[in-house]
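In order of appearance the chains are A, B and C, and numbering begins at 1 in each one.
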Amino acid sequence: MSETLVSVQDMKVHFPIKRGVLLDRTVGYVYAVDGVDLEIKRGETYGLVGESGCGKSTLGRAMLRLNEPTAGKMVFDGQDFSALKGEELRKMRRRIQMVFQDPLSSLDPRQSVESILIEGLRAHDLDKSKEETGKRLRELLSAVGLPTTALRKYPHEFSGGQRQRIGIARALALNPDLIVADEPVSALDVSVQAQVVNLLEELQEQFGLTYLVIAHDLAVVKHISDRVGVMYLGGLVEEATAADLYAEPLHPYTRALLSAIPVPDPVVEDRRERILLAGDLPSPANPPSGCRFHTRCPWRQATRCDTERPVLREFKPGHKVACHYAEQIRSGEIQPHEVKPILVEEEGISPDIPLVGPASVTEALNP
Amino acid sequence: MATCRAATSCRVCWWFEQTLIVGVGATLIGLTGGLILGTLAGALGGWVDSAVMRLVDVMLSLPSLLLAFSIAAMFARPSQFTVILAVAIVQIPVFARLLRGSMLAQRHSDHVLAATALGVKKGAIVFRHMLPNSLSPVIVQSTLVLATAIIEAAALSFLGLGNPDDRIPEWGQMLGDVQNVFDTHPHLAAYPAICIIIVALGFTLMGETLREALDPKNRR
Amino acid sequence: MALLEVRDLTVVFQRKGEEPFYAVDGVSFDVEPGQTVGLVGESGCGKSVTSLAIMGLLPKRGAKVTGTVSYDGTDLLKLSDREMRDRRGRDLGMVFQDPLSSLNPVIPIGLQVTEVLERHRGLARKEAMIEAKNLLDKVGIPDPNRRLKEYPHQLSGGMRQRALIAIALACRPKLLIADEPTTALDVTIQAQILTVMKELVQDLGTALVMITHDLGVVAGLCDEVNVLYGGKVVEKAMRHKLFAEPRHPYTHGLLASIPRLDAAPGEKLTPIKGSVADNIPWTQGCAFAPRCPNALDICFTETPAEEEQLGRLLRCHNPVVPGTPAAEEVPV
C-alpha cells in the first residue's frame, strides 16, 4: 500500500509568450507550473486542488506528457516516464490513462461507443479475437453501469453523466495503473455528480486503481481523496491527508479557500467566519517575488515573505506546508490583518488560451 | 435569327458539360492540393506549419486572376487542361488555410488529447480523428469554390487563354462572341448567366446537404 | 403588497412541427423589498427562463409567456417594448452569469456605467463620472479612477462581475435579478462577490432574486428558497426550514448527493438515479417520478398538486418523512 507509484520531481512547465507578425519572438513566459514535487502511492487517491490558473491541469497534462514539461521528471513505477521517447512512450501510455472534464468534447463525435472503446485496445494490440474483444467491451460497459445497447450509439445520444461513464470506460479499457481525472464531475449536474464520484470509488476498489483527481471543488476532492495537495500559482502550498487538511489547514491560502466554500447548511453558513482574500490571482506570466501568495495574504509579515520563496517542508508527519510562518500562525502569535488589493494587470495572457501566433499575415490583418 | 438562337441554346447546353469538367476538375485538384498542404501544416505544426503558411501567404497576396493568367500563359499551347490547372492552383491556398485552421483547433481538442493518452499512433490520430472532424467547412467551401472556378475559367477563355478549339465552346468565349451583338440581342448573354446561377446554386445546396449528411448528430 | 409578485408564470416554447415545450410551468413567488429569494435547480429546470421572462428578454416569436408579473402593482408582461426598456435598468437590474459577454468589449467600463446614469437618471457627464467612481468603489473595485478608463478584457473575471453589478445598480433599482452570478468564478472570488451582494441588500434595501444551482450559495444568502424541477416549483420554504427538513424527495436527494466539506471522513454519497432525460411530462404525473426513490404508482398517473402546510409549499404525493436517511442507492 505504501509503495510509491508516481514520483514527480521539480516539475516545471513554462509556456513561451510569442509576439511578432512575421517572425515570432519570445517576449516572456507563463510560469504555469513552477517547481512541483509530489508522490502518489499505489492504490491511493491524490487530490490536487486550486483555483483556475493555478496550473493544476497543466501539471496533470505534463505528467501524462500531453504537454512537454520544461524541466523536472516524473518517475512512474521505477521508470523515468519523462525520458521515454517514440514507441517506448506510446507503449507506456497504456498504464496511465486520463478522464477529461467535458465528456462531450473528449469523445470524438464521429465514433460510436464501440469504436471509442476498441481504439485503445487496437493501439496496444489487445484486440486479439472478435469474441474476446466483445466480452471485454461488455465487461467494461457493465463496470461503468451502461447497457450493452450503448455500443452502437454515438456520444451525442447520451446524457452528460452517461458520457462521462463512456470516458471512464475508455480509460479503463487498457487496464491502467494510474488514472488522472481532470475535473471529472464539474461539467455535470449536481444530482449526477454523486453518481460519477461513487462510480470512481467503486472502480478503484474493484480494479485496484491509483487516482490523481484534479478539481477546483475542495468538497469533492476532500470526499474522494486520501491525500490532498493545494496549488497556488504554479506551486504546491500545502499537502496533507484529506481529514488533516480540513481539520487543521496550515497555509493561509488553504484557510481562505476552505472558508470560502459554501456549505449547504444555513446554520453553518450563519456561524462561519470568512477569510476574504483581497484582489485577484496575480498573472502567472509575472508572478510575485518571494512567496507567491504574499500579495493577498492576510498574515503577511514584513520580512522574508516578499523576498524568499518558502519551500514545501514537513510540518508534522504527513503534513507539508510552504509558509515561513506556519508555526506562528497556528499558535495565534501572528494575527491576520487587512490587505489592500493590488491591481492585477490582465494582458490577455492566460495559460488557457493556446499560445500560437497568427498563422499568416492575412490572418493577423483580418482575424 | 432563328438559327442563331437555336445555335446559342445548343451551345449553352454543350457549354454546361464543358464547364462542369473545368469547374469540377479545378476544384478537385485544388481541394487535393489544399488537403495535402493543410494537413501537413495542421498536423505537424512547428516550422512545417510556418513554411507552408508563408507559401500560402505569397499565393494569396497575388491577385488570383493574374496568377491564373501567368500560369496559363506559361504553357505554350493553351488547352482545357491548362485552364483547369491554372484555376486549380489558385484555389489551393484557400483550402489549405481553411483546413489548417480547423486542424489546429482539433489538435487542442480533448478527444485528440484523449487518443494521444490512449497511446494511439500519430498517423491514426491525424487521419481518424483530426482530418474527418476538420473536413466539413472545407466541403462547404469547395461548393462555393466551384462557382468561382467556373467564373475564372470563363475569364481565361474570354481572354483567349482557354481552349483554342473553337468547336468546344465555353462561357467566356460565348460572352466574347456575344459582345458585338449585345446592343441588339442582350438576351444572348442572359442564357449563360442564368445557367451559371442555377449551377452555382445547385452546388451550394449540394454542399449544404453533404455537410448535414456528414454530421454525426444527424445519424440514426 | 410585495414588490414583485409572480403568479402562474408559464413560458411555452413552440417550434413549428414540434410539441410545445413548457420551460416554465406555473411558477409563483413573491419578493419583498430587502428580501433575497432563491430559485434553485439544475440545468433545464426553467430558472433562467423565469428570470428572462420577468425582464421581458425572451424572443417575441417562439416563446409564449402567460401569467402575471406585477412589479409595484403594474403587470410587466402587459407593458410595451418601449415601456419595458425604460423599466429595465431603472427599476429592474440584472446580472448575468458570463460577465465578459455581457459587457460591450469595445467601450470602456466607465462609459458603460455613465451611459446608464445619463439615460435613466439624467445626470450630466461630469456628475455621472463621479457617481460611476462611487459605484465601482462600492462594489469593491480597487483604484476605480483608473478602472473607468479600461476595457472589459483588461479586467479579471471577478472585477468584470463587479463592474456588471455596478452597472446593474447604477440606477438604484429596487429589484436585482442575478442569474448564476458566481458560477463562472473561483470560490475565493465567489466569496467576495456574494459578500458584496449581501451588503448591497442590507444597505440599499434592494430586493434580490438569486438564481443558482449551488445549494451552498443559497444556504448562506437567500431568505426564501424555491426549488424548481422540470419548470415547476416543487418545494418552497424559508431557508432554515428547507435545509433542516427537506420534504420533497428531489430536495432531499440533492442535499444527500452533494459532498459536504464538514462531513465525516468515509461518508458515502447518495446520488439521485438517472438524469433529467428520464423525466415524464407534468401533465401525465410527477416529472421527477422516474428518478424518485419514494415514487408510488400514483406518481406516474396523477400530477401532484401544490399544497401548503406550516409555511412550506410542497408538490409531492409521497413526501420524505423528516428524519429519514437518504434512500439507498438503486443501481442504474
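Here is the rule we go by: a residue touches a chain if its C-beta (ideal position, glycine included) is under 8 Å from a C-beta of that chain, and two chains touch if they have at least 3 such contacts.
Note that the structure is a prediction, hence the values are computed from the model and not measured.
Participant: Let me spell it out: compute each chain's centre from its C-alpha atoms, then which one is farthest from chain A's centre?
Facilitator: Between chain A and the rest, the longest centre separation is with B.
Participant: Which chain pair has the highest count of C-beta pairs that touch?
Facilitator: Counting C-beta pairs in contact per chain pair, the top pair is A-C.
Participant: How many angstrom between the C-alpha centroids of chain B and chain A?
Facilitator: Chain centres of chain A and chain B, defined by C-alpha means, are spaced 46 Å apart.
Participant: Would you kindly tell me how far, in whole Å, the mean C-alpha position of chain C lies from that of chain A?
Facilitator: 30
Participant: Starting from the mean Cα coordinates of chain B and chain C, work out the distance between those two points in Å.
Facilitator: About 51 Å, centre to centre.
Participant: Using the touch definition from the top, list the residues of chain A that touch chain C in their complex.
Facilitator: Against chain C, the touching part of chain A is residues 51-52, 145, 159-162, 189-195, 197-198, 216, 218-220, 222-224, 242-243, 246, 256-270, 274, 276-277, 279-281, 340-346, 348.
Participant: Show me the residue ranges of chain B that touch chain A in the complex, using the header's touch definition.
Facilitator: Spelled out, the residues of chain B in touch with chain A are 41, 49, 53-54, 56-57, 60-61, 97, 100-101, 104, 108-111, 113-121, 124, 128-129, 132-133, 216-217, 219-220.
Participant: Can you list the chain A residues touching chain B in their complex?
Facilitator: Interface residues on the chain A side: 61, 64, 66, 90-94, 96-98, 100-102, 105-110, 119-120, 123-124, 153-154, 156-157, 167, 170, 174, 354, 356, 359-363.
Participant: List the residues on chain C that touch chain A in their complex, please.
Facilitator: Residues of chain C touching chain A: 42-43, 142-143, 146, 153-156, 158-159, 186-192, 194-195, 213-220, 239-240, 243-244, 253-255, 257-263, 265, 267-273, 275-277, 291, 329, 331-332.
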